[in-house]
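Common to both upcoming complexes is chain A, partnered first by chain B, then by chain C.
The block that comes next holds the complex of A and B.
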């Protein structure tokens, strides 16, 4: 465990030192890239504002992410029920993947109004597709001999779904959730650009004021939020899979 | 939209493209970066005959959020369009950018509300309903300081989009007096506008700027540029039609009628008593000093910036 924490710290520290040196020595102009020390100072100086924003963005991304997880898995189960359903509806699931969020975000404001609802909707739109795609592929790739076994014992489709197909799909479900965790944070911030609040607003305001140190501080916090969500999924995945799946052993 | 353009996505779209352009072309063609699409506020630049002054100039249209002030400082363009407030902030961060020619003598920034609300001053807008603002802009913070935002719901500026405005009688938004109100009236809304200069905040806008380094190295080039632009504006003010045609080709989303209307509405911002005395694009030390003092009062800059370093009228 210690090594897994230490290993990523080395490039972080190295890059930070290099960036600090480049700015201080005048190779990079401070109004184009801020020195890491300036970012840290911005974090300390504006910690109250940043923490409040981080909390708002966390709520928005988490809510959007949970919605994505629940509806994404439900949609994948429905899609897996028959080839016909899949053919009819899967293209619409892909629609969510390809929809340029930035272009539709202003519409979300008109539909949902200014506020957290739009942020959640934006996080949802950004993050639902990987859950659908990965869960569906997991459900459809159940080991055929196991499926035959369930059939042989006369298990109903519902029992097969809950006792075999969904549990067997879990590794892929978690892969989908990992991808969508990061996307939910991006979606929330795009939503905040348009609807206000959270780190998105801080970035927007700081950019207007040419405070790139603060922009970077907010961006860094957004990344930390993404990492935290990712870590949460990893923990869940570890707890659920460790006893039977090679990836977590 | 036309507003202060220190916004969003276009940055992501345009910055790499411009960087690529900067890397590829090594000719002596100068680059002039606009901070918005070709619209009447840039008419004089498109009308200018640069070759007459021995210059070859490429006008690069921008978008919402094109960071022209950083692009000038970084040397990825030779000239750019900024506003006076951006120059002060940039200089306070060590980005040596100097104003050469101020197209809009009075800031066209304002707030538009529905006429049905019978509001009589900018303070009334803040007593009720929703106001879309770029809250990072100095005038937004001046408003907050003066009137407080406790009675109004502040939401992000939708850029030039007026959909929310048209849908909600209690919705007001930051605007360019020469842009959104015209669009809203065309959609049948009855609009009341308030200029931000009403609260004493009036930076020069659509300002041609250059980096201090380039100005020192090549003062003649800057001088030729300013002269070409001044003539361009004289010609555009006299007859905007041909240049409007040309800009409409580049920006077909704005129809020719709107081009003509905006060109007419904006001219009192461009031609003022000061320009009649001192020529188009003129700037005064007093105006810069006022603006710098306002920034200091807001706490946006800690050190005093010498007004004389911010601009040079050539």
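The block that comes next holds the complex of A and C.
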């Protein structure tokens, strides 16, 4: 565990030092790329504003992500219920995913108004599809002999769903959630660009003020948020699957 | 009976007496597994019928698959108790029965372990316990030990034979191993490569107690030769 944390830190420190050197030595203009020390200073100077923005974006992403997880799994269960339903509706799920979020975001503002509800909606739209796709594929790939076993002892479809299909799909559900967590943060920031609030607004305002150091600070915090969500899902996955799934051992 | 639009079993008339230990032998793709699935009512024949007399409950049939196929998120006890759980038996009763049957297969000290923590042989024994927990009158096994190493397989063969003797159930055992069929069964049926025709139906002339001694017995070799001859011929 220590090594997995330490290893990625080395390139981070190296790149930071190189960037600092390049800016200070005048190879890169500071109004294009700020020195890491300037980013750090912006973080310290505006820490109250940035933390508040981080909190707002966290709430928006997390709420959108939880909605994605719940609706995504529910939709996958419905789609798995019959092949006909799946044929009729799954293409729309795929189509839905290919609609560019940035183009839909203004619509979300019209529907939900300015504020957190639009940010949550945006995070949801951005992150729901991987949950649907992965959960569905997990449910559909249940081990056939186990399905036979449940059939042999007269298990109803509902019992089979809850005692076999859903638990068996858990590793894939978690795969979907991991992808979805990162997308939820992206979705929230896109929502904030248009509806206001959170790190998205900070980036927007700092950009118009030519405060490139603050833009970098906000972007960095957004990445940290995405990383934290990803880590949270990994932890949940590990706690749930450690006893039974090979990939967790 | 069709399987991917291919006639697997065209005409077959096979009667099995209660309490019999029948081995079904034949080359790959001859319809052994299909036959077993039809007896278990997991597949329906396109024509003809499967009759089990007296007309019993379907739960009196149990099935053991080619691999253990346990639920990886359940420990040994909960895996063995699964059939009773699906049939609606209350937790204390089903756990008690599962514990008893796990005792019979020698897994009493592994109740809390998960399938990922067991050896292949232990997993197969859990699978066997799961099949026996409902006290079935008919036990169907589809090449159950094929994936195991030979020593483990020998032990499980002996164990299965003992369980059969103790419980007086009917066993239909599908295998492609001539030595396993001869060692285990009282009666062996050899199927033809195509269409499910019965090439040999033989009552084996071997002592009722099958243990490691029998492995070197010339009578076993004689039976094996007969079965092999029917498969090849």
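Here is the rule we use: the second predicted complex is superposed on the first by the 249 of 249 C-alpha atoms of A that agree within 3 Å, B and C clash if a C-alpha of one lies under 4 Å from a C-alpha of the other, contacts with A are read in each partner's own complex, and residues count from 1 in each chain.
One rule holds for everything that comes next: a contact is a pair of C-beta atoms (placed from the backbone, for glycine too) under 8 Å apart; a residue touches a chain by one contact, two chains touch by 3 or more.
Everything numeric here is computed off the predicted structure, so don't read it as measured data.
**Student:** Taking the superposition as given, does A:244 touch the first partner, chain B, the second, chain C, both, or neither?
**Tutor:** Only chain C; A:244 stays clear of chain B.
**Student:** After superposition on the shared chain, which partner residues are touched by A:30: those of chain B (first), chain C (second), both, or neither?
**Tutor:** The answer is first: A:30 touches chain B but not chain C.
**Student:** Can A:4 be said to touch chain B (first), chain C (second), both, or neither?
**Tutor:** So A:4 meets neither chain B nor chain C here.
**Student:** Looking at A:98, would you say it contacts chain B, chain C, both, or neither? Reply first, second, both or neither.
**Tutor:** neither
**Student:** Is A:206 in contact with chain B, with chain C, with both, or with neither (first, second, both, neither)?
**Tutor:** A:206 sits against chain B, while chain C stays out of touch.
**Student:** For A:150, is the partner it touches chain B (first), chain C (second), both, or none of the two (neither)?
**Tutor:** second
**Student:** Using the superposition described at the top, list the residues of chain A that contact chain B and also contact chain C.
**Tutor:** Touching chain B in the first complex and chain C in the second, no residue of chain A appears in both lists.
**Student:** Residue numbers of chain C touching chain A in their complex, please.
**Tutor:** Counting only chain C, the residues touching chain A are 37, 40-42, 58-59, 61-63, 65-67, 69, 71-73, 82-83, 85-87, 114-117, 134.
**Student:** Show me the residue ranges of chain A that touch chain B in the complex, using the header's touch definition.
**Tutor:** Residue list for chain A touching chain B: 29-32, 102, 106, 109-110, 114, 193-196, 201, 204-210.
**Student:** How about chain A: which of its residues touch chain C in the complex?
**Tutor:** Counting only chain A, the residues touching chain C are 143, 145-146, 148-155, 159, 163-164, 167-168, 170, 243-246, 249.
**Student:** For a test of understanding, state which residues of chain B touch chain A in their complex under the given definition.
**Tutor:** The touching residues are 4, 6-9, 65, 69-70, 73-74, 86, 89-90, 93-95, 130, 134-137, 153-156, 158, 161, 163-164, 167, 300.
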